[in-house]
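One chain, chain A, appears in both complexes that follow, with chain B as partner in the first and chain C in the second.
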Partner chain A sequence: MAQMRIDKISYRYGHGTPFEIAALRDVSFEIGEGELIGVIGHTGSGKSTLMQMLNALLKPDSGTVYLNGADIHKDKTSVYRARFQVGLCFQYPEYQLFGETCAEDIAFGPRNMGLPEEEVKARTERAADFVRLDRALLQRSPFDLSGGQKRRCAVAGVLAMQPEILILDEPTAGLDPAGRDAMISLIRAYRQNTGATVIFVTHSMEIAAAVSERILVMDHGTLALDGTPAEVFSQAELLEKCGLAPPFSARVLSALRARGYDAPDAFAPEETADALCALLRAEEKQTVC
Partner chain B sequence: MDRAEILRFDHVSYIYEEEEASAVKAVDDLSFSVKEGEFLAVLGHNGSGKSTVARLANGLYLPTEGKVFAADMDTADPACEIDVRKTVGVVFQNPDNQIVASIVEEDVAFGPENLNLPQKEIRRRVDAALDAVGMTEYAGHETHRLSGGQKQRVAIAGIIAMRPRCLVLDEPTAMLDPRGRADVMKTLISLNRDLGIAVVLITHFMDEAAGADRVLLMKNGRRAALETPDRIFSEPGRLTACGLELPDAAKLCDCLRKRGVKVPPEVYREEQLLAYLFKRLPER
Partner chain C sequence: MLKEITIGQFFPGRSLLHKLDPRTKLVLTFVYIVALFLVRNFFGLFLMAGFAGLGVLISRIPLKTVWKSIRALVFIVIFTAVLQLLYHSDGDVLWRPFPGKEFAVTWDGVYSAVFLVLRIVALVVMSSLLTYTTSPTMLTDAIERLLSPLKVFHVKVHSLAMMMTIALRFIPTLIEELDIIMNAQKARGAKLDAGKLSERLKSMVSIFIPLFVSAFRRAAELAVAMECRCYTDGANRSRLKIMRFSRLDLLWLFVHVAVVFAALFTSFYPMGSFFLFQPVI
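This part shows the complex of A and B:
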């Protein structure tokens, strides 16, 4: 059984007003336990709306979201359960910090779960350690932290709930290369340690290609593509229609394919360079002969 | 003869919370200048002082030490305040924090209205500014319904309408999707080339810096380098030491060179690399 099943969900914002807009149209897919999924799509494609459906923050106008086989909107209890089992970290979460201290902020989720205070404290410290937030900072105001530290503090607040499914909306937006790499290894480590399912939204095709095992492409509220990075990024035309472009490496190789060369799919610069070297060598040999 | 300087930092330092124990030197003895009509990219890790540079450029912050000159005006001279702001316009990262009116053209008119210009002149400037950022057809639209990229272009138009000679942008594309990023970049390039406005683009998207005239590389508030992009991107080690990395195309060039492919040193941009590969791999 799939861990989550999204069954024909649709959703409109501004229902009954002149500004009514369909954010999701008849979206269906399944999520297996432990998957690592990247979600891409231009602004307004429905990515964030979809993410909020997965932890019951929004209720579909039609269709059903199942978590471990049960409708997450069945009753109040199932909604609560979804909120804790599916941890959602919003875009720019550092703007949502509100605790007087970092510790208070991180503890907010676990405390809401009704855990004993000792467990709350243990989880807070563990989460802080995990995101490499110095324990000395735990008693400081989150507003005293640097941008990168704030982001990690906010992520720690979600991790402290130990969600089975972790959703991050643009976790690397606005971070420099070092901060971005640190965030990616953090996400990978959480999955490695807990076996959790991880779903993340990104605007970077390079990150989507490098990190995900499966990619969902959203376009105008529909699920336009669903496949491995190689499957998705070989559909250059369709991606362009969705307002996206394959990562640079994929573009170089597909340009060469268009010139009649047998170029493989690759996303990492090293792999791409290997593929290009092979093509250049083969071409040289031919010219010499 | 050298073009005139439109912005100059002269041994500038800036310290946050100077009186307190937690004082941080965000900018440390920084000197550089921007010529009229130049496109300068500023690269640096989070916390390298890039954003402080933007705020120092038009006197929003005054240097703790050293001097900042906009054209020939000292930003710390109270008599020059308005003229400094008119000369150097600053655009910030989050478009939502910069839109002040509910209708696009009213938002763009906010700056020129505050300059006490005659109505006709305001109208002319608003139309020209919206045209320059490609948002003319949205003049009567509500600002809150625009996409991030459109909002950012409206914010840029609002600054352009004050006719600055230098535009400083602090990570203007950080919150945008690929299409929004491309639109904003296209706008900046055309403002620079067609209207001759000097652009200082603070970014940590390396590929956005690849098309600049020069790149200022910052590390811990100091100037690590100030060179042309081909020089900057031919030294991956220095970038890494600054917590940065090569743009995608330059990274691929670097990987190819390490594998013995003789990619010419001046090649580091996407179109250059493709042209090089196409030359060596003719159509079959």
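This part shows the complex of A and C:
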């Protein structure tokens, strides 16, 4: 059974006002346990709305979201439980910090879960270690931290709830390359250590291609594409219709293929580099012969 | 959820009322409201209320939208009407709800209830017409211009207007921000609408601290941005939209003043027909 099943959900913002817009239209898909899913789509395609459906922050106008086989909007307790089972980390989470100390802030989620105090403390420290936030910083105010540290502190606040499904809305937005790489390896490590399902929204095709095992493409509130990175990025035309383009490295290879070179399908920059090296070497050999 | 709140409730359009100089609208609305409280008979009141209705028709604002702003005051309207019915003992008795008691509902009470309800409704309709047809920025511009004579007394009119404009401009932004922060804390299990009071208070803290922090951050950023563009206060600023008192304004001014005058004239020179009946207020 799928861990999560999204069944024909639709949602409109601003019901009955002149500013009404359809944010989601008849979206259906399933999420299996332990999947690593990237969600892409241009601005306003409904990505963030969809993410808020998954942890019951928004209630679909029609359709149902099932978590482990049960409707998450069945009653108040099921909604509340879903919030802890499905951890959602918003875009720019550092703007949501409020605690007197970082430890306080990270402990907010676990405390709301009603865990005993020792467990809360243990989880707080574990989450801080996990995001590589120095333990010495735990007793400092979150507003004293640097931008990157703030972001990690905020992510730790979600991780400390130990969700079965972790959702991150643009976790790498506004980070420098080093911060971005650190965030990506953090996502990977969380999944490896806990076996949790991880879903992340990104604007970067490169990251989506390099990190995810499955990609969902949103377009005008509908699910336009759903498949492995190879499947999704081979549909260049459809992607373009959605206002997207395959990652640059993939376009280099497909351009080479179009000129008759035997270039493989690869999406991560590293793989592309390897493929290019192999091609160049083969070329060299030919000219030598 | 919160996104649906609109402040200033501007309703874009191209009607006559939209095109008027905001200063004209502001002053005339003020005159209208004052006149509404001076009118003392039904003839005058009907004239005034009818004029507000005409304004709604001209502005092409959907009746549903206008109804919404009236609905917001439904409680006050009912409360006023009931009070009026209770506190008038003169005139022909209409109904004695408690047999044997002095208390009675009289025609006088009914008249003044209707009168006051109509007055409130006309007031709400006319003032929401102003905010429906004028964007908040234009409104503050108009206020600035109307207050500019105060400069003589060294009142910083421009600064005041600028502050108002900025405040109005950032209300939707902050509401959006509030929405995000609320959702983010709800995602971490914050109890905003249920649970013990102490828990709820704690959850409130988790929302207001980030909101204040972000408001200050925005204020600082805006100040820097304005300074970078060499913003100085007041003197010799040109504007994108220049307010002009046009012929349309003159026309509207004329109609408006005529209606108000007619209403007030009959109020102070009663001629004794039913419509000119003066309720005891």
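The rule we apply is simple: the second predicted complex is superposed on the first by the 263 of 289 C-alpha atoms of A that agree within 3 Å, B and C clash if a C-alpha of one lies under 4 Å from a C-alpha of the other, contacts with A are read in each partner's own complex, and residues count from 1 in each chain.
Note that in this section a contact is a pair of C-beta atoms (placed from the backbone, for glycine too) under 8 Å apart; a residue touches a chain by one contact, two chains touch by 3 or more.
Note that the structure is a prediction, hence the values are computed from the model and not measured.
Participant: For A:Pro264, using the defined touch cut-off, is the partner it touches chain B, chain C, both, or neither? Pick first, second, both or neither.
Facilitator: neither
Participant: Is A:Asn55 in contact with chain B, with chain C, with both, or with neither (first, second, both, neither)?
Facilitator: Touch partner of A:Asn55: chain C, not chain B.
Participant: For the overlaid complexes, name the partner, chain B or chain C, with more touching residues on chain A.
Facilitator: Counted on chain A, the partner with more touching residues turns out to be B.
Participant: Quick one: classify A:Tyr80 as touching chain B (first), chain C (second), both or neither.
Facilitator: In the superposed model, A:Tyr80 contacts chain C only, not chain B.
Participant: Between chain B (first) and chain C (second), which, if any, makes contact with A:Gly174: first, second, both or neither?
Facilitator: In the superposition, A:Gly174 touches chain B alone.
Participant: Using the superposition on chain A described above, determine whether A:Val252 touches chain B (first), chain C (second), both, or neither.
Facilitator: In the superposition, A:Val252 touches chain B alone.
Participant: A:Gly195 contacts which: chain B (first), chain C (second), both, neither?
Facilitator: Neither: A:Gly195 stays clear of chain B and chain C.
Participant: Go through the superposed model and pick first if A:Gly69 touches only chain B, second if only chain C, both, or neither.
Facilitator: neither
Participant: Please give the residue numbers of chain A that touch chain C in the complex, ascending.
Facilitator: Within the complex, chain A touches chain C at residues 13-15, 17-18, 52, 55, 57, 76, 80, 83-84, 87-90, 93, 95-98, 108-109, 112-113, 143, 157-158, 161.
Participant: If you look only at chain A, which of its residues touch chain B in the complex?
Facilitator: Interface residues on the chain A side: 19, 42-44, 92, 146-148, 173-179, 203, 205-206, 243-245, 247-249, 252, 255-256, 259-261, 269-270, 272-274, 276-277, 279-280, 283.
Participant: Over in the complex, which chain B residues touch chain A? Could you list them?
Facilitator: Residue list for chain B touching chain A: 44-47, 93, 145, 147-149, 171, 174-180, 204, 243-245, 248-249, 251-252, 254-256, 258-261, 270, 273-274, 277-278, 280-284.
Participant: In the complex, go through chain C and note every residue touching chain A.
Facilitator: Going through chain C, the ones touching chain A are 3-4, 11, 177, 180-181, 183-191, 194, 205-207, 209-210, 213-214.
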